[in-house]
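In the two assemblies presented below, chain A is common to both, partnered first by chain B and then by chain C.
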Partner chain A sequence: MRFYEYEAREIVKRAGIPVTDYGFTADAGEAGQIAERIGGSTVIKSQVLTGGRMKAGGVKFADTPGEAEAHAADILKLEINGHAARGVLVDPRAQVKQEYYAGVVWDGTAKKPLILFSDMGGIDIEQVAEEHPDHVGRAHVPTLLPVSDFHAKQAIAGAGVTGRQMQRLIPIVSRLAQLFQTDDMTLAEINPLAELEDGSFVALDAHMEMEKEAEGRQRELLRALGIADDEERDGHEPSTFESAVSAIDAADHRGVIQGKDTGFHGDLGLVIGAGGGSLTLTDAVQSVGGSPANYSEIGGNPSVAKACGLAKAVLQKDGVEKIAVMMSIVSNTRVDIVARGVIKACIELGKDPAETISVFRIPGAWEEEGFKILRRYGVEHFDRSVSMHEAAQRAVDKIQGTTAP
Partner chain B sequence: MRTDALFIGIEIDDEAAKDTALAAKLEEVCPVDIYAQAADGTAQIVAVNVDECVLCRLCLDASPDGAVRVLKLYEDGAEL
Partner chain C sequence: MSILIDKSTTFIVQGITGREAVNLTRECLDFGSKIVGGVTPGRKGREVHGVPVFDTVAQVVEHNGGAVPDGSVVTVPPAFTKDAVFEALEAGIGLVVIVTERIPRRDVAQMVELADLRGARIIGPNCLGLIVPGVAKMGGIGGPAKDAAKAYGPGRVGVMSRSGGMTTEISSTLTAAGLGVSTAISIGGDAIIGSAYAELMPLFEADEQTEAIVIYTEPGGRMEAQLSEWVAEHDSRLPIVAFMAGRFMDSEEMKGMSFGHAGTIVEGKEDTAAQKIERLQAAGIQVVERIDEIPDAVKARLHEGAA
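And now, the complex of A and B:
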């Protein structure tokens, strides 16, 4: 679950991290009043769950309350990447001496939260890590023991920051790591974390994302932020494909399917899943030079109709000529049922399964029965002796025409 | 009566289909609703569900020998 900036600032504030004297409103007149209260120059920022605000004119500077009101009126009318503004955040224009970055993310490999700190704030941490790796400090945080200032110190020192700055930064970074744990975040980021001319530090922008499954447990926090119990919060409006897959899933209780295509623009449709298999296989396709048209998850022993529905939705996406049907080894999802579903999808769309399904690699329950079906329709299929990466390579080779069909 | 879908074919002997007790039993045991009991009590095959057959044999176990046949069309009509 992603939070608006004004909510993320409130989360940071509740954790005891200093923030500016900002205000949030959906009314231009009130934006002027907030600017008057703040005094001096202000920044008016559109509150949308998407990036690119600055480029789109969603961030403007004002020297007077009247100017702040006028900018707020313009920004409230502005649509950014298809998102209407929830409101505007009115922020003092701080006198910044230096910008830092502080973030906590989940490190899936170490299975621990990871503090990231840099003395080069205000730009993407990925860019800093690539271009100035010596300016990024890292420290893992234990999941069983309480977060200690030591972990924050380790990350700060790793970026080469010492002395008075370090002493002032330690409680801020430590509190950020604590809120990451207590508020069930998957990402907690302050960027920029500004050192002001007077030597104090303040969070100028924050980005928070909460684990979706934790929403029930965090209901009190969400209510305190003014988020209704039934509010759906996605980073983007669902695409036609995503809505179609959700509807298919909701209509049939058997098994589960999910589909995402926001940010995917490739030509290879993916019908994938099983125990982390979706992520592994999407990465595998990309690592061998393929371009996925979507992400999906299929599992929990879906019906033929559900597997068919997902495959049809993928095949009906613009630019998709072939699909790769691949999973890790499955225990409860039946290979033969998925095979029936994807073949049926091809036939109902007037496509030849042998041509359309580039590879079928699902080893597991009822695989012998599944392979009989696949043989019948001439679909290339693999058992567990072929790895997921090898199967992905074969699918990509086929779609790129670098191997015999 | 016989209904063939893409992968699975179902055949109920015409005389057996008139057996209302068998029709009720088939409707009860099939986990994917391939069988239904018509208003007159006879057995019917729900065509849209035939390919959902999970090859569980419950219909075969619930009926007298030869009354119901489940055919795997992808295996040249091999009988379950």
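And now, the complex of A and C:
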């Protein structure tokens, strides 16, 4: 789950890292009142789950409460990359002496969290790492033993920072590394981490992402942030097809089906599985000149109703006349159940299975039973002697009419 | 020979009374594996296909006269997996196969860290386990014994795969081509796993039966880069053939979307299929476009080696 900046700042604040005296609101009038309370110049920032706010005009500076209110009104109406603003953050305009970067990510190779620190804050850390590698310090953090300050020191020293600045930075970086684990983040970033004219440090922006698998055990934190238990924050709005498949999957606990069509624009419906098989088959269809209408995954031995539901959802997509039903060799999912499901889908939609199912290539458990059913309905089917790519080729040939049906 | 397991390997199943675990217990026993006990807290005294069930791992050890099993297959719900794995590791078990998926990364990292401290190895999570054709299997890999025997013939090629199902598809292709499989390992589809390609290479390197390696790989993570680095640093005798699935995910529209497995997501430049293929090839690893090209590629590489 990706957090809005105002939530990410709250997470940072809860961990004991200093933040500015900011305010969040979805009301322009209230933005003016917050600016009044803060006093002096303020920054009005759009709260959206996308980058490029500054460029899009989603960040504006105000000298008076009136100006803050006017900017807030504009920003609340502004869509950025298709995202409407959730609200605005009103922040005092800080007197910054120097900007730093502090972040924590998972290192899948070391299998530990990795602290990244730089004295060149305010810009993308990947760019700094590429152009100024000597300005990036790194340190791995253990997961069994507690995080200790020396890990933070190592990262800070790695960027060449010492003296009074280091002393002030240690608790901030150390607490960030701690919250990364306690709050089950996959990314915890403070950028910029600002050193103010008076020598104090403050988080001026924060970016946090929580691991989906851990949301259940982080309910308390999520509720404290005002996030409802059922709030979905996918990167994109699910399409009609995607919502339909999710609903079919949720209706029955046996097996798993998934469907995606964001980014797919073709005419060949894919009823495919499992995880790796689906990736392989989607590539295979494209590599032989076919154009998938969707991506899907069947796994974990779904019921006939579930397989039927997925096939129907695919067939009900605009422009889809034919489906290809293909999987890598199955050992858990049963071939006959998937066969029954896809044939049922065709019949219930008033379509001829032999015409509609271009190919059926699922070898493995219960294949004899499955092939018997497919024969009865005249559906072209293959066992494992026909490779996944050969099956994809056959399906594409059929839909392009380059071969006799 | 084989790697990690052989015909004398003993193991337990933690969470043995679960539906999936009952099936895999049957499959492994039929295949010739030695399952010496099962654990489900509160279910002591039951049996699963003749395997006695206990409340704790320590009770299994006691029941077996103090003999610590070689391995454990862990298939318990995600919230309890870390505890089950800690229990296995602290009992002195040296090989833990974690089948469970959707375990938070912090838990996985902690399990791996403890395994390192105890000198043990973790395979998975989110995997189907491993198989030595004709000898033993540990986990649901290949399914029922009869199906597993059909897809996995004994032979010369070591297989490592981020997808459980594709481990079987690839091994079946190698078997049909007469090459066969030495040991096949479903390494798991998560962003953090106990044993990545490069960490298993030294074992295959030391195994006389293995003459070549085939890997199945996907976008996301740096596991392939790590293998490329390992190959560049070691003068391995084993030719490697790789298959990369998920090339379609390189399209700009798919950025940040996860497909197939939890770890399969393009977040940075290094994660893309194109970038990984380039790295693998630079290390001398042949990357094929289709699964059915794998046997000929392996044969050609074996022939080169022999010439």
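Going forward, the second predicted complex is superposed on the first by the 235 of 405 C-alpha atoms of A that agree within 3 Å, B and C clash if a C-alpha of one lies under 4 Å from a C-alpha of the other, contacts with A are read in each partner's own complex, and residues count from 1 in each chain.
One rule holds for everything that comes next: a contact is a pair of C-beta atoms (placed from the backbone, for glycine too) under 8 Å apart; a residue touches a chain by one contact, two chains touch by 3 or more.
What you see is a predicted model; the values in this text were computed from it and never measured.
When the two structures are aligned on the shared chain, A:Leu196 is found in touch with neither chain B nor chain C.
Look at A:Glu126: by the touch rule set out above, it reaches chain C but stays clear of chain B.
In the superposition on chain A, contact is made by A:Val304 with chain B only, not with chain C. Number of chain A residues touched is higher for C, counting chain B against chain C.
In the superposition on chain A, contact is made by A:Arg376 with chain B only, not with chain C.
Contacts of A:Val96 after superposition on the shared chain: neither chain B nor chain C is touched. After overlaying the two complexes on the shared chain, residue contacts for A:Ala73 are found with neither chain B nor chain C. Contacts of A:Arg340 after superposition on the shared chain: chain B is touched, whereas chain C is not. Residues 23, 78-79, 102-106, 108-110, 112-114, 117, 140-144, 147-148, 151, 161-166, 168-169, 172-173, 176, 189, 191-192, 196, 216, 218, 221-223, 226, 243, 245-249, 251, 253-254, 256-257, 259-264, 268, 289-292 of chain C are the ones that touch chain A when the two sit in their complex.
Here chain B touches chain A in the complex through residues 6-7, 32, 51-52, 54-55, 72, 74-75, going by the rule given at the top.
The touching residues of chain A, counted against chain B in their complex, run 303-305, 334, 336-337, 340, 343-344, 347, 369, 372-373, 376-377.
Across the complex, chain C is touched by residues 106, 108-109, 111-113, 126, 142-144, 181, 184, 186, 211, 213-214, 216-217, 235-236, 260, 262-263, 273-280, 282-284, 286-287, 295, 297, 327-332, 364-365, 384-385, 387-390 of chain A.
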